[in-house]
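One structure is given here, and the rest of the page talks about it.
Just so it is clear, A, B, C, D and E label the chains in written order, and each chain counts residues from 1 on its own.
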Amino acid sequence: MSAYWLEIIVLIGALALLCIEAFAAPKRKTTIAVGAIFPLVFALILTFIAQDFSHLNQELDRFYAWDAQAKFFKSLTLMSGILTLLLAIDYRKILSRFTANPDSDDGTGEYYCLILFACAGMMWMASAKDLVSLFVSLELTTITSYILVGYMRRNVGSLEAGVKFLILGALSTGFLVYGIAWLYGATSTTDLEVMSHALEKANPTYVLFGLSLILISLAFKIGAVPMHLWIPDVYQGAPTPTTAFLSVASKAAGFCVAIRVLEPFLESHLSDSVILILSILAGATILFGNLAAINQRNFKRLLGYSSIANAGFILLALCSWNQGGDGELSSPQVVMFYLAVYLVMTFAGFFVLVTIAKNTGSDDISGFDGLASRNPLLAFLTTVIIGALAGIPLTAGFLGKFLAFNIAITSSHWVPVSLGFIGVAAGFYYYFKIIRAMYWREALDQTPVKISVSSLYTLSVLTALLIVLAFSAEPILWIIGG
Amino acid sequence: MHTIAWLILGLPLLSATCIHLGFKRNQGLSTLIATSSALITLILSLVILGNGKDTSTAFSWVGAMGEHFKGIEIGLRIDQLSRGMLIVVTGVGFLVHLFSLTYMKDDRAKARYFCGLSLFMFSMTGIVLASNFIMMFIFWELVGLSSYLLIGHWYQKPSAADASKKAFLTNRIGDFGFMIGILMLWGITGTVTFSELELWSATPAPFNSTYLGIALLCIFAGAVGKSAQAPLHVWLPDAMEGPTPVSALIHAATMVAAGVYMLARFFTSVDLEIIAFAPQTIAWIGGITSLLAALMATQQDDIKKILAYSTLSQLGYMVMAVGLLNAQAGVFHLFTHAWFKALLFLGSGAVIYACHHEQNIWKMGGLRKKMPLTFLTFTIGTLALMGFPLTAGFFSKEQILEAALHQSTPLFVMAAIVATLTTFYMGRLLLVAFLGENRSKNSHHAKEVGALMLIPLVTLSVLAVISGYPFVASALSPLYDHVDFHFGPAFWASLTALVVGGGFAFTFYRNAETDPLSDKKIALVFRNKFYVDELYAQIVRFGQDCVAAIVHFIDELIIGGLIVGGCSRAAEGFGKLFGRLQSGNLHGYATLFGLGVILLIYITVFVP
Amino acid sequence: MASLNDYLLVSGLLFAIGLAGVIIRSNIIVIFMCLELMLAAASLTLVAFSRFNVSSNGLPDYDGQVFVFFIITVAAAEVAVGLAIIVALYRARQTINVEDLTSMRG
Amino acid sequence: MDQFLFYLFGFLALGGGLLLVGFRNPVSSALSMVVSFIGLAGLFIGLNAYFVGIVQILVYAGAIMVLFIFIIMLLDLNNEKPFQFRSATILGGLAIPLLFAIQVLGVIQKGPAEHSEKFPLITEETLQQAADGFALKSDGELLPASEQTAIYRSLAHQDSPKLPDTNLIGETIFKHYNMPLQIMGVLLLVATVGVVVLSKRSSKNANKQN
Amino acid sequence: MSLLFVLIPLLGALAIFLGSKAKSTAIATSTINCILGLGSVFCWRADVWSMKVEILSSPSLHLAFGFHDGMSVIMLVMSVLVLVSATFSGKCPEGREMLWYGSILLMGAGGIGAFLSTDLFFFYAFHELALIPTFIMIGVLGTGDRKEAAWKITIYLALGSIILLAGLIWLVSASGSENWLYSSLLASSIDEDSQKGIAALLLIGFGVLVSLFPFHSWAAPAYASAPAPISMLHAGILKKFGLYGLIRLYPMVSSGMQCWLHWLIVLLLFNIIWVGFVTINQKRLDHMLGNSSVMHMGYIFLAFAALIEAGSLEGNPLAKPAAVTLMFAHGISIALLFSLTDVIRRKTGTVEFVELGGLAKTAPRLAFLFGLAGMASIGLPGLANFSGEVLVFLSGFHSYQGQELGTLQIATIIALWGVVISAVYMLRAYRSTFHGETVKATSEQTVHDLGPFCQIPAAILCLALLVVGLYPKSLLGHLAEPESKTPLGQTAK
C-alpha cells in the first residue's frame, strides 16, 4: 500500500463522521469520538506497513516524503490523536457545558472530527518537503487549531485564547510567507531538496533573511522564546484535549517541519549562523520556560510553561547539529526520541489534569492537595509522571533529556547546556510542587477523587510505558531508525 | 611467653566486655571478675618479669600497601622498660581494685565502675606493651576514653561531667600534636616501630634534623596532654572529681606517667644528640610545670587537689629529667612516684571515705588519733614524696637533681625550689589534716577503715620505702642505672629543701585553724592557679565559641542566605519578571514578538 | 520599469506597516486586516521574485505565483474562521478590544 | 510611464496601508485597505502577473473586504478609543516596524547588483522563444497543431503574442501542485465546518428560548 | 547475581506499593538482602557475578551490574547494613506504612544500584532514584523546618547531579568510548584539556552530592528534619555515592584532577574547620549531627586529595583504602547516630540541648549506644572510623620524606585539628544530653530505655563498627589487590 493513503484514510474517516454527525446525528456524541479512534488506529497500523511509492508518482514525490522521520511523526501524530480523543471523551462534560447546549453534548460532535482533520494536516506536515506543501499543510493544522482552541464558545477563556492564538498565529503565518518568499527569491525554488543544491550559489543574505523569517514562524509553532507568548494563555484557555493536542502533536509537527527546513541549511556553508541562532533560541527557551513556571499556580498553565521548557531541550538537541551514524544518534533522531517520550508523559499529565479538574472544578495545583490520601493510586501514578517530566533517572523522561544533553555536550554547546542545567534544576522545583501538593498538604475536602475507568487504564499504561521505556527504548529507536 | 603477654593485654578487655554485656546486673560478680583479672595480670606480669627475656610479637592490623607503607601492626614488645612498667601498672592496678572493693561498695553503678577500671587496665597495658607508635596512639586514646568514663563516673554531678569532658578534650589537643609527630616521624624515618627506629638511629640516613626535632616536639605534645604538662595541665586537678581510687590509679600512678613512658621509649629508641633544641624545650617545659604546680599546690584546700598538683609537679620533674637526656632518672622517679603517690591517693581516699566524702583539709584535723594506721601510711607516702632520705623518693629525686646539676644550672635551681615547695605543701597537708583538732563533724566521726582498704595502703607504704633501693629498683624499675650515692650538691640541696620547706610548714600550720597565708595577694594567685583556667575559658569562649558563632552566622548568611538564597531568589525574580512579560495583553505580546523578530533577524543575518 | 529592489522595498515597507498596525491597534478586526496586509505584502515579494527569477524558458517562474494563489486562499479561510471566532467573542464579551482580553496572564 | 505607474500604485498601496493603521473608524480602515489592495494589484499587473492581480482584487477587495465590513456593521463597532499615550505600545509600534524596515533595506542592499537594475521587459522575442519549449514533445519532436496548447497558441500568436499567465498558472497548479491543492480543499472544508461550529445556534436551545 | 541486591529491595518496594503488608515486607526484603550481602563478602568474584544487558544501542547503554573490585563489595556491605537497620529504625506514623517502607526500600535500592552498576549511565541513574522518596518523606513526615529542608535538598541534589551528568557525558564523549561501560572507559584515554574540564564538573557535581564546601548547606537541615530512616539512608549510603564515584572515575581524569588539587584542598579544609565551627555552634542534636556528617566528608576528600597529588592509584596506595574505610565507617556510624537521635526525639520529645540532660540515668543502654556511635564518629580507636582516619592521615603524609612540609601535609595537619573540633562538639552534645541531672523531658516518668526492637538496628551497626575498628583487615583485605579477579577471601593473608 502506498503511504499517501494514510492521510486519505484519516480524511475519509473524518468526512464520514462529519456526514454521520450532520445527517444521522447519534444521540451520544461519544459514538463519534469512539468512531474517530478507528481510522486513527487503522492508519497507525498501516504506517508501519506502508510502502514507499516515489517510483510511482513523480509529482507527488516532490511534496511527499516517506522516510523514517515521516513515519515517526505520522505515528506520533496518530498516537496523540488517539490519546486526545480518549481525553476528549473524558472531558466531554466540560466541553458540552460550554458549547451549543449546556445540557446535552450536541455541540461536541464536530470537535472529534476536527481532531481528525488536524491529524491529517499534521501527517502531511510530517511528509512535507516542499515549502508549498509545508505551508499548506501547516495552515490546515493551524486553522483547525484555531477552531479547536476557540471551540467552547460559551467560555470566555476559550474564546480569548482563540483570539490570541488567531492573531499571533496569523502574525507568524505572515512571517512564514514572507520568509518563503525571500528563500524562493534567493534560490528560485521551493523544493527543499533542490534548494539544498542551490544554496551554494544563492545570495547568503537573502537566504539567511528568509530563513530567519521562517524560523520565527517555526519558533512560534514549537513555542520557542521569544515566540512562545501565546502558549501559556492559549493552553490555559483552550479545552484541555486541545491543549494536550497542541502541546504534543502540534509541537511535534513543528519540530518535524523545523528539521526538514533547517536540514539543508545546517548542512550548508551557512550552518554557523543557523546553529548560533538555534542555540540562542534553545538557551532562551529553556531559561524562560523553566523560570517562568516557578511561580505558576495553575497546573494547566504550568504544563504550558513546561512545554516551552521541553521545546527548549529539544532545540538544544537540534542546535547541536549532528548527522549521527557510527552508533550515535543524529540530532533529528534525538529530537524524535525526545518527542516520543514527551508524548507519553505530557498526555499522562493531561489525563491527570482532566481527572483532577473534573473532581475539583479547577485547574489549580491546589486541586492536588491531599491526593495521596484521596486517591493513593492516582497519586502514585502522578508521582511517576511528574518524575518523568522533571527528568528523574529510571524514567523515560530522563532518557530524553539525557540524549539531548548528551548530544549538546558532545558538540560543546556549553552556554545553552549550562542554561539547561539551571532549567532542569528549576524544573525540579516546579514539578515537585505538584508532589508537594499531593503528599505534604492536607485537602480541605477529603472526598475520594474519582477517576474514570478509561482514564485509569490509559494512565496506567502511559505510566508503565514511562518506566518500561527507560529500560528498553529500542522500540523507539527502531521507529526513528536509530 | 607471647601467650602470656597477649593474655595480659586481653584479660582486662575480656573482663570489661563480660561485665558490660553479661554481668552488669550482678554487681558482685562484676567486681569479682574485674579484681581477679587484675590479680591474674599482676601475676602474669611477675611471671614475665621473672622470665626476663626481651622479645616481641606482632600481628598485622592493617596490611602493607605499596612500598612506602609497611602496614600497621599490633605488636607487643617486652623489654626492661615495658616489663617494669607492667609491674607498676598491674601492681598499682590490682591494689586499686582491691581498695575499690570497699571504697565503692555502696555505689549503685559499681559494675560500670569496674568495667571502666578493666577497660583502663587494658588500654594502659596496651600502651606499655606497644611495639610501635600507632599502636601506642590507639591505646593512648583508649586510655583517654577510660579516663573519661571513670572521671565521669558520677556523671550526674555537673562538675564531674564537665571535668571528664575537659580531660578528654585536653588530651585530644595533645593527641593532635602526637599524631602529627607520628606522621612526621613516619615520613622521616619510614617507620613507626620502635625496634626499626633503633635500627634507623644506628645507621641514620641523611635527613633534616630540624624536622626530626619538630616531630619530636609534636610527639611530646602528646605527652604534654597525657602527663598534664603546662600548658595542658588544667585537666588533671579537675579530674579529681572522679572516685579517689581512680585518681590513685590513673591520675597519679599510671596514665599520667604514660607521657613520660612514651618519651622514654622514644629517647631510648632514637639518638637525639643532634637535635638538642627539642629535648631542651622538653626539659624546660617539665621544669616550669613542676614549679608552677608546686606553687599552686601550696594554696589548695582540697586534699585531692593538693595531691593532684603535687602529681603535676612530680611529672614535671620526670619530664625534665627525660628532657635532660636522662631518661633513666625520669623513669626511675616515675617508678618510685607511682608507689608513693598511689599510696597518698589511696590514703586520702581512706580519709575521704572515713570523713563521709569530706575533702577539705580544713574540715578534717586530728585524724591521727582516729585512723592511726592510715596516718602512718600516709606519713610514709608524704616523706617519700618530700624525698626524705632513705625513702624511695629520695633516691629518684636525687638522680634528677644530679642530672639537672650536670646539664643546666637554672633547671637545677628550679628543681631545688620545687623540692622545697614540695616539702612545704605536703607538710601543710599532713599538719592540717591529721594533726591538731577535729574541725568538723565529719572528721569527728571518722574511724579507721577496713582491712581491704588497709592492705593496699600497707603494701604501698612498704613499696614507697623500699622501691628506691637498688636491689628492688634494679629488678623492678623499668629503667634503672645504679648511681653511686655521694654527698654532692644535689644531696645538700635536697636536704636543705627538706629542712626549709618543713620548717616553714611547721611554722605556719601547726595548730592553724585557717590558712594564715590566704590573705596574701600572691597566695590568691596560687590559689587561683595563676588564673590559667580563667584564661583558657576566655580563649575557648572567644577563640572557639565566638568564632563558631560568627562562622555559623556567616555560613548561614552568606552561603545559605546570600548565595543559595540569592540564587533561588534570582530564579524566582526572573520567574516573576517573565510572568510579568506574560501580561495577557495582545499589545504586549505583539510588541515582544516584534522585538524577538528584530533580534532574531539581526542575529541571523547581520551578526556573522 | 522599476527594479526588483524597488518592489522588494515596497513590499518590505508594506509588511512593516502591517506589523505596526498589529502592534498599535486595539481593535481586533483592524489588527486582522493588518495581518492580511502583511500577507499581501509577502505576496508582492513573491510575485516580484517570480518575475525576476525567470525560468529556463525565459518566462516568469510561475511557482511563485502559484504560491501567491495558495496564500490568498489560505488568507480567505483564515479570515472566515477568524471572524467567526471574533464574532463569538463579541457575543460572549461584548468587546473586541484587545485590552479587555487579559483574563489569563502571569 | 512604467515608472510612473509603479510609483502611483506603490503610493496607493503604502498610503492605503498607512491609512488602514491610522484611521480610528474600522470602516474607514477597511476602505483604506481596499485602496491599498488595489494599489497592490496594480503592482502585480506591472509585474506581468495579471491573474494574480485580478484575483487580488476579486478575492480581497471583493470578498474578504465585504466580509470585514459586514462583520463590522454586524457588530456595530464604534470608533476605537483615541490612542491613549501608552509609551511602550506606541514606541514599540513605531520602532519595531522601523527597525524591521531598516533590516529589509539592509538585506536588499546586500543583494546582487542586478537586482537594482530595471527588469528586462518581456519582449515578443522572449515569448517566441518560450513558445518553442511548449511546442516540443518530450522526445524533442514538434507537436502537431491539433495538440497545441492554448499556452503555445497564445505565446506564438502571430500578431500579438501575449503572456498567457492564467493558463500557465493553471497548468502549474493542476499539473505540478496537485497535492497542495487537495490539501487546500480540505482546508477550505475545515474552515467551513469551523465557521459553522463557532457560530451556529443550537436548535434545541433556540426552541426553548422561543 | 549482583543484580539481586538491587532487585530484592526494588521488588519489595513494588510489592508494598501493590498492597502487601508494608512493614513485614520491608523487614523481610532488607534482611534477606543483608544476609546475601554479607554472604557475598566471602564468595564474590568480579568476573562471575556480573551481568550486562544492552538497553539502548545508540548511545550504547547497558543495564550492567557487578563488582568492580573490593570497593563495590565494601559499599554493598555498608548499604545492606544501613538499609536493614533503617527498616527497623524510626516510627512510622499510622496509615503511612506504604510510603514509609516503600521509600526506604527505594532509596536503598538506589544506593545499592549505584554502587554495583558497572555502566556509568545506571551508576548515575540509580542514585537519583532516591530523590522523590527523600522529597516526599522529608516534606510529609519530617520534623522542624521540614519544608524548606526538603526543597533545599531536592534542588541542590538535582543541580549537583545534573552537573555531574554533564561531566559524565563529557567524559564518555571525550574518551571516544563506544559505550558507557566502566571497563571500556577505563581502557580509553582522554586528552588533557578535556580532562581538566571533566574533572571540574565531576568535582562540583559529586561535591554537591557529598556536601563539599560551599555546597554543603543542604545537608544539615535535611538530615535534621528527615525521618530517621531517611537521614540514615541518605547520610549513610547515598552521600557516599559521590565519593565512590570520584574514586571510581579518578583513573580516567587523573591529570585533569591535578589542576584542581589546590582548590580541592582549600575546600576540604573549609569542610573540616569551617563546618566544624558551625557544628560547634549548633544548639540541637539533629542539626549538630547533620553538620558533623558534612564535616567528616572533608576527611574523605583529604584522602582523595592525597590520591590526586600522587597522580595515580599506585602512586599513593594508601589513599583509596583510606577513603573506602572511612566511607564505610562514617556511613555506619552516622546511620547509628541518626537512628538513636530519633529514639531520643521520640522518647523525650525534644532534641534541644537545653531541654535535655541526664539521659544516661534513665536510659543507660541508649546512652551506651549513643556514646559508642559518638566516639566512633570522633575517631576513637577500636571503632571503624579511627582506622579510616588514621589511614587518611597516613595517606596525607605518604609523599613526605623528611623534607619541608608540602601543601598536602600542611592540609593534613590542619585537618587533624578537626579531630579536636569534632571531639569538642560531640562531647558537648553528650554532656548536655546524657550527663548532668535529669530534667523534666528525661525524667524516669517519661523515658524508658531502649526496647529490644530498637536495639536491633543499633546492635547491627555497632557490631560492624567494632569488627572493622578492631580488625580493619577484615575490610581492607578486600582492597588489597585492586581490580583483582580472585575471590578476595583468599587474598587476605
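Everything below uses one rule, namely that contacts are C-beta pairs under 8 Å (C-beta built on N, C-alpha and C of every residue); 3 or more make two chains touch, one makes a residue touch a chain.
On a predicted model such as this, the values are computed, not experimentally measured, just so you know.
Separation of subunit D from subunit E in touch steps, taking the shortest path, is 2. Under the contact definition, subunit A and subunit C share the contacting chains B, D.
Taking the mean of each chain's C-alpha atoms, the chain closest to the overall C-alpha centroid is E. Of all chain pairs, the one linked by the most C-beta contacts is C-D.
Most remote from subunit E, judged by the distance between CA-atom centroids, is D.
Among the remaining chains, the Cα-based centre furthest from that of subunit B is the centre of D. Rounded to whole angstrom, the centroid-to-centroid distance between subunit C and subunit D, based on C-alpha atoms, equals 9 Å.
Subunit B and subunit C have Cα centroids lying 94 Å from one another. Averaged Cα coordinates give subunit B a centre that lies 35 Å from the centre of subunit E.
In whole angstrom, the spacing between the mean C-alpha positions of subunit A and subunit D is 32. Residue positions of subunit E touching 2 or more other chains, listed in rising order: 155. Counting only residues that touch two or more partner chains, subunit A has 132, 135-136, 139, 143, 146-147, 150, 153, 163-164, 167, 171, 182, 205, 209, 232-233, 295, 429. Among the residues of subunit C, those touching two or more other chains are numbered 8, 15, 18-19, 22-24, 26, 31-32, 43, 48, 50, 52, 63, 66, 70, 74, 77-78, 81, 85-86, 88, 98, 101, 103-106.
Contacting chain pairs (ordered by label): A-B, A-C, A-D, A-E, B-C, B-D, B-E, C-D. Considering their complex, residues 19, 22-24, 26, 31, 98-99, 101-106 of subunit C touch subunit B. Across the complex, subunit D is touched by residues 587-588, 590-591, 594-595, 597-598, 601-602, 605-606 of subunit B.
Contact residues of subunit A toward subunit C in the complex are 131-132, 135-136, 139, 143, 146-147, 150, 153-157, 159-164, 166-167, 170-171, 173-174, 177-178, 180-182, 184-185, 188-190, 232-233, 236-237, 295-296, 301. Those residues of subunit C whose C-beta lies close enough to touch subunit D in the complex are 1-10, 12-21, 23-27, 29-30, 32-34, 36-37, 40, 43-44, 47-48, 50-52, 56-60, 62-63, 65-66, 68-70, 72-81, 83-88, 90, 96-97. Subunit E makes touch with subunit A in their complex at residues 17, 55-60, 63, 98-99, 121, 124-129, 131-132, 135-136, 139-140, 147, 150-151, 154-155, 158-159, 162-163, 165-166, 169-170, 173, 178.
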